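Next come the structures, one after another.
Look for chain A in each of the two complexes below; its partner is chain B in the first and chain C in the second.
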Partner chain A sequence: MIDSHKRQRIGIEVSIGAAEMVKLCRPDGIAAYPITPQTHIVEHLSEIVADGALDAEFIPVESEHSAMSTCIGLSAAGCRTYTATSSQGLQLMSEILFIASSMRCPIVMTIVNRALSAPISIWGDLSDIMANRDVGWIQIFGNNGQEVYDLTPCAFKIAEDHRVLLPVGVNLDGFTLSHVVEPLETLTFEDIDSFLPPYEPKLRLDPDNPVMMGPVGAPEIFTEAKKAHEDALVASRLVIDEVFAEFGERFGRHYKAVEEYKTDDADTLIVTLGGTLGETGHVAVDHLREQGEKVGQAMLRVWRPFPFEDLQRILAGRKLVMVYDRAISLGGPGGPMASEIKSAMYGRADAPAILSVIAALGGRDVRWKDMVAQVADAKEMLENEQMPNYLMVGVRE
Partner chain B sequence: MNPKTNANFNVFASRLLPKEELFTPGHRACQGCGPAVALRMITKALGRNLIVVNATGCMEIIASPYPFNAWEVPWIHVAFENAAAVASGVAAAIKVLKRKGKFFTQDEKITVLAIGGDGGTMDIGLQAVSGALERGHDMMYICYDNEAYMNTGIQRSSGTPMGASTTTSPSGKVSQGQNTWKKDFAEICIAHDIPYVATASISHPLDLAAKVKKGAAASGPAVLHVFAPCPTGWRCGPELCIRMARLAVETGVFPLYEYEDHQYNISVELDSLRDVTEFTDHFDKRNYMEQQGRYKHLKGDQELVDEIRHRVAERWERLQAKAALGGK
Partner chain C sequence: MMNLKPKCSELELGAAVTTPGSAREYETGDWRSFRPVTDENKCIACGMCWVFCPDASRILIPRKESKSGLTGSYYDFNPKYCKGCGICAQECPTGAIAMAQEEL
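Showing the complex of A and B:
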């Protein structure tokens, strides 16, 4: 373990920090299209390449659809490949996201989460990634600048592991995280070179050894292809845990698929995904604890592969679990994360009451005081046996 | 030696194209498929130092039903509208990996070739093509043009010519089929001011091969617009495929030319244009439109046929005028 006191600690905008870390990972190719609030990441990367601080091809493509398509070309030809996007951009590349994972291209993408139109909104929520939940990528979340910084080399290492070979999306909240200045303990080329080996593709486009990539899948092979993809995505969890453990050992910051905060004796849990509600949740939990309430928090770091067993262990035996979603499945069961957590706990004798809470859409602020009040409301609803299927909070009537 | 005819085809076969087949027999194209002929010629011209990026379409599905494969060269298919973008990535990868001395050596010359049909190129893929050309990647884009979405069942594209009946521009009681003029893809590419643009036809294989080689040798993006009839979609006999391609050139419907150093060069000069059609009562094998079922409803519509004839002549004149301008 390296003594963290010797490390440089600087104040830096999270997007700039993320781009600096991408540089340390030495990608060979970057194809990107600008979209708010992802812009600072790709602007800074293009500066890094323009200054010769990173030897990479920076391809300023004409759309996000082409960004992901170009990334597949880069990756298939043997490059370590990176891109970043947000919101409508993620939606435009959605078609190709499925293909990138099915063709087992270990691309890493930073996704600066933002609402989807209409009405057009540049502000944060998780509608974009939830609409692309089933693209077959590994999907992880950073709750603060340091986490985004640290998870980026982990993402490359996980993606490129020959047991995995899947693309990884590193998510962070738009503006409330991407555009704030945070203290960051930085790493060096030497650190990352010792952690992340050069990319060795398993197959690549090579005239000396011709291969066919992306053939037609007739009905007699399609199901098997999907099963192989599913098995690889589920099995990637083993590698994710290994990589997080190695990162912790080397650099002293430890990450888990589901992080827990003051859960030990809690009868009530709030569950969050992403930094904005994640860190607000901490403050709310602290205040509720001061009032003698046994409240804790679980934060999903790994969204795909879905951490069923971790959640079953953490949620079992609690009285009440409030799942905060920053997205809504319109006309459906409420929040997408809540419905998955309900399905994880379904039929178990130790399952808690689970309330789906839809909050903080399109940049709407949720304060810790709001969360404290929402916990009290939810407890009352549970006591009065008036639990709704889901609750959209903070709506102005 | 062919045992049936006792003929030695080697005597007739051109020595200007290699015998090695890189787009091999056994694929699932229809009888008389024009684009398959084009791919055979193109790969022969380019040789093995080639990476092919194939847009979704006929040429993609016929040659890659897993686990079968008609390609002897590395080949990738991602989606319909993005072959140019994927090829951008492959070209950029070769550039950076050469620079870093990884996988490729500096002196290796590898052609990155993107292939798409008229729909995948002129319609849904046009943005990606434009982006790739504008960015100047060292790659070649070849549009094989069979004038409709043949893979999905002969639907009209912006490459479908005026008057052709397709399954989404059918002739009917109040319609004469396609009611728009064919998009001029080569001119769109020329407007990008790239090193090399050419039109070619499977009816002129040595001209096609020479242009493929020229395009691959250009430093920067090159585009070939290759005319390749689809007998299935054009409703004509498979044995007429090459003849239709030749008649398209000789009528001026699809003139062959190059654009290089800001200079138009006409590849096949025509003293006079063969008439597009006569619509006579007797079968005439020199007749372009009459032999294609997609035009048969035009038989009574002299006005539209005249309009097509006029337009073809006018475009040919404009091309001659541009060629006469000279370069630079």
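Showing the complex of A and C:
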């Protein structure tokens, strides 16, 4: 079992590891509803609270809509607040997600990414978070269990910084990540206490200092309220970088808004978001490199605020960029991430050819061999000037 | 005094209201596209407009001088809150209220 006062390297299910890290962050309030494949996280947290290992209110609610509503109440009362969800649960929360961020509640939520119905799918893809791109939250991704574990205290520290005060979603892939046992290098209460100070609310519900949160925003102030929210979200990037840097200095694991893998001399890049294709991409790049192909990989860790400048720097001057989306904007431009990367590069003389690839929907396996073949196909399409708007790979039609 | 037209940077966190009781400083009269114009020489101060006003925007005003021989007070509108719905003009038994277009 995990000793919360001793650093260990142990094999543990990623969901349980995530819950153990939430414990180290000492939230005051947790409101959650179980949903596959997120259930193990809140189930384990409820045990931690019931065992007295964490002094927090654990509020079991009847739906995700209520979970996020309760989280707003907890946060407004001045609590460090946590929840977790997945897929349909995130969709049911959607209405309240906008309110949490607009009211500037620094809630942290683990989002175990899973496809949206129908047909019913409990398997992984990014349809859920892509449907909630514009909720005004900071959105970050962990590619493996260690990253999810490490990004959780970073998320609280970023969210609660008075220059930010926005909710943060920490995303990880359902099942292929949430339910696997990984070797995890753990941290301790002492580590996290020194890294993450107690939450100091800027405004909170207090009878001695009355304040009305979430009031009517008449036309005279609504535009200003949206611009203030946008400014805060864009400016949060500075704090995200600071917090990642401090985490790296203290604990030796370094994180960046966009991670690069073998990009130095690459003429072709694959771009991924999230663990499943992220780590498969590494293996594909290694094999392509062995064949003498100059291929590298960029992985977005920070999805909101969107890392425009990092991508412009990393993608500039490449020949071909393949953007792998695990979601489709139906009737739209193809992959949502590809669409945004195209907009980041639009009109620049150094822009590469950008191919939107839609893959691994609803748990469909994409093997490294598939990615190697897809890179060859894309190069051929570029050479023959037959680049489609987007390419849905592995589909029988 | 509450800042009713703040810049983005002047808004409280999350557009919160931190001054208790400040709603009275927020005036809604500029939602109006028509204004009721009362002919005080026809108003008999019966109070029908006051009864029917869905806001609380009919107010009794003392007459300064009377051309019609009527004395006392007459009803006019409160420009800070009247939304210009026109119910007062519809209900007035003497036809003392006409609706006129507001100009921007």
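In the analysis below, the second predicted complex is superposed on the first by the 390 of 397 C-alpha atoms of A that agree within 3 Å, B and C clash if a C-alpha of one lies under 4 Å from a C-alpha of the other, contacts with A are read in each partner's own complex, and residues count from 1 in each chain.
Heads up, the rule we're going with is that a residue touches a chain if its C-beta (ideal position, glycine included) is under 8 Å from a C-beta of that chain, and two chains touch if they have at least 3 such contacts.
This structure is a prediction, so every number in the text was calculated from the model and none was measured.
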Which superposed partner A:207 touches (first chain B, second chain C, both, neither): first
Partner chain(s) touched by A:362 [first = chain B, second = chain C, both, neither]: neither
Partner chain in contact with A:165 - chain B first, chain C second, else both or neither: second
Touching partner for A:231 - first (chain B), second (chain C), both, neither: second
Which superposed partner A:102 touches (first chain B, second chain C, both, neither): second
Contacts of A:394 with chain B and chain C, given as first, second, both or neither: neither
Which superposed partner A:218 touches (first chain B, second chain C, both, neither): both
Partner chain(s) touched by A:63 [first = chain B, second = chain C, both, neither]: first
First, second, both or neither for A:72, with chain B first and chain C second: first
In the superposition, chain B vs chain C on chain A residues touched: B
Contacts on chain A seen with chain B and repeated with chain C across the two complexes: 103, 210-215, 217-218, 221
Chain A residues within the chain C interface of the complex: 102-105, 165, 202-203, 210-215, 217-218, 220-221, 224-225, 227-228, 231
Complex contacts: residues of chain A adjacent to chain B: 28-29, 31, 55-57, 59-63, 65-66, 69-79, 81, 95-96, 99, 103, 204-207, 209-218, 221
Residue ranges of chain B in contact with chain A within the complex: 48-51, 53, 60-61, 64-67, 69, 71-79, 81-82, 84-97, 99-100, 102-103, 110, 127-128, 130-131, 134-135
Chain A contact footprint on chain C (complex, rising order): 4-9, 11-18, 20, 26
